[in-house]
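See structure below.
Chain IDs A, B, C and D follow the sequence of writing; residue 1 opens each chain.
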């Protein structure tokens, strides 16, 4: 097991994941673009670094958890980047959601510097990040996966080796693809039935049986609570990474293409920082109906 | 509780439901267009009628369970139809999946003859029909719902009153809308990841956490088992009832519209009698990849 | 050539077509549901009938030009319908846009009464109806087509025999399919480029080269003139007749399906009586941009 | 007017455009990645350069005409790139189809080296390139547009100033967006009507009135001639540049998104080097029908 980890990216997810690494007794060298977000882990014992390079210096492993491919390039590459700070043989583990090409490019860059690289994107949302029960889908060699596994277990409940480099990203994009499609289906079902005059609470109860995602999201829609578990802006980014990857593979995704356009419409309404389920507001506005239930509403018609 | 029920429509679902009514000690007057399908309930004690009218004659309640709106009109209307056979005050319960306009039209016709009418479509598939644990979503007056409830409880595990006439159909169409969208998302996720070189079994395992529908369907896709739990032909019918109803309500359903076109493509390939999950074959053919795993395949790469 | 024609349906299109028949010296027995619309042809010499049946009585041929399949059934069938008024051998020519099944059903009904039937839907819009230069696409036997041709030539510039009964409807639906797709493409191009900051007038000028439909429609969009040449409500009806027909033929229409959902969104905004090009307002609202140019705008940036 | 031009990219379009520049009496320093393609202009008097840098050396203006943004970066940037070869003040004119961000990035890079930059994508296809009648849509300052205009007139029939840097790309993407949507609509109309049993030749004749693009393309579809006027691979690239640009602007393009997925399906079938109209083969295969007419077919049913 590694003794010291450089942890880069302390956002909604990364901050919680870093705390779980710390709690497992690993020394942490933390970096975040906005320094204020590093305060909490500093209080818990982490060293705060002034650059990704400094966070990587002297670490046995480096973890990155940032928003998208450009953000990943920004923290790994260049004179102040983490790759420049690693000593030979260091294992770099990217836990961000990127596309497989980005993973392969970064892995090649790391290899050219004598470093090892594993992609290990996660799913489960804020709650699982907090509890250390994320599903982690790794791509890379068996050796690197085996080496990283004990560290990953401080953050995740289920750790899968999806296959060679790029497979972790594909697995993550596939599971996000399904999630955003389910939220779109929920939105269509709720708006359709509500416009037809049904009690949204009762509809939500029935639709909840179709997916635990709906069971969790529908009550938030009804309560008008769109605080981000997973911001629309990032979901939109993932949907388009999936579409671009599928395009290069020769796989048409008619359903997801539609989901992507609805999300673009929601972004145009300025909903990017809300949860991805806020996309329902596009349909509500077009259909001229609100699914939201007044807090005092009595659920059932009988 | 009713003593005698006329039961019309003994297909995959109706046959199983009728048996549960019989087991509860209710006398059954059964009718099916193809008489051979009535043999099993006859052996269990049902009287087999030669026409819907004859099945309804002398019954306290009439249940219909047929394929679509035209089939419903065919068994209810005309000189040999069930409505002509009912005595005044009889409760007619349609458990087929139709659109709300059809329910309202049939209810009005029944009312004009002094009959009562409840729509009560079901969800849960063949297994729940067999076990008597269907989810039943009724539309109609509270009085008719209350009167029908004990009888419905012989077939269902959860009996909801969705609201006035038409609400049961809307609820059913909404839940089917979500189900067929989820199967489409599963198909896109599986084909995408398989084309990218991942092990379909591992992908299926991850996607299964997104929905119990996927947990049940993905292994069947991998095993190449497309025997109908719910035939594509009927799912396609429901999708288009939902689209037509949404259209008349002024609710655009971009996602479901796409699902409907993919199902049309699958029907054009002659897959109508297979399960609705067979729609994945359209994507497989376009992408030039097969998700099916050889039975001997070893699942995990590590 | 026929001497007397029963003309049923004097709307935006039918009224203009009836006048051209009259001008050709044919005696006209006109009927319209809203009687006031018959005033103009009465002044030009037509006899106004009190029912479709009365309009058909004594005519050598009957022409119908109504909104949709139910409206067609309403004027042809029943005791006051045109079919009941025709003497044996009369040629009934339906010029409405319906689906091929409706044409086949009506033709069979006419045949059972000893009547002849031709479907002959038109394209070209209000201007061509006024000038008598419609494109007419007939379906039926060669004999009936030959018999109707001189009469059709009073209204049309190009008269095609598309094939047996149903073929005229299919041809019409195919050409409308292409038209509404082109208007949707125009809307996407205009909103996209305008949001990017380009001069809409210049964009319209470039897109106009892609289709005469755009050359005619784009200036109206820029001027904010959405008066109906062809009302969205009817275009939406035709799009869904095409989708339903294609579905029954096993032809997925992914593009048209999307067009249909955008039109549903426009109808939900209450734009049904405006021209079909008003669908652009859905995109404008989502994108937060108006393509309309102030009347005083100077077009070109150089 | 410029005396010497460096011309980079001698493909299907660029080769023809370079010849028109030569014919106008301008000295040409030509470069193409595959040197063989430079033979024809060499015979007509051009100097063939060994690198983009060499082509630019000593030229008054540099023209680039390559496949996509990466290809553009490859010929402009780096030690052997054209920018490195230009003397200060040289006007670099990119006539490729790229997205506005790429144009802005390249323009900034040129400016930082003391060079001037104009984007000037074209439309009209191979025929217009041959005849020197392209429509050219320029983005950049008025001064640079004015300076480039005489040179552009050797290649184009209509030269528009679309607005500041990026506007030319947007205009081009908008017009391509409309074109690929029209080809998709044509494909849907032809396959739909042919499956319904109509004569494809007659359908093509009617649809041709909707757009000159259809008038030109439909006969090629019927003849089974899919030789590239504009290869599907490049059309697909443009569609996705438009989708990505629209996404960043907050403009959902539901119709174009669908077109893009159908093109991905066609690419998966290996049709990338055929003309973009070959996308119809995806629909033909799904629908199980061929639009192609035997060469001896007699057109009309009457």
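By definition in this document, a residue touches a chain if its C-beta (ideal position, glycine included) is under 8 Å from a C-beta of that chain, and two chains touch if they have at least 3 such contacts.
Since the structure is predicted, the reported quantities are computational estimates derived from the model, not experimental observations.
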{"item": "Residue-number overlap at the chain A/chain C interface, same or different (half cut)", "value": "same"}
{"item": "Reference chain B; chain at largest CA-centroid distance", "value": "D"}
{"item": "Chain centre separation (chain B, chain C; CA means) in Å", "value": "38"}
{"item": "Inter-centroid spacing, chain D versus chain B (mean Cα positions, whole Å)", "value": "51"}
{"item": "Set of chain B residues in contact with two or more other chains", "value": "246, 250-254, 257-258, 261-262, 265, 268, 286-288"}
{"item": "Chain B to chain A touching residues, read off their complex", "value": "100, 135, 137, 142, 145, 160-164, 166-167, 170-171, 173-175, 177-179, 181-182, 184-186, 188-193, 195-199, 202-203, 206-207, 209-214, 242, 245-246, 249-259, 261-262, 283, 286-289, 300-302"}
{"item": "Chain D-facing residues of chain A, complex", "value": "240, 244, 246-247, 250-254, 257-258, 260-262, 264-265, 267-268"}
{"item": "Of all residues in chain B, those that touch chain D in their complex", "value": "254, 258, 265, 268-269, 282, 286-288"}
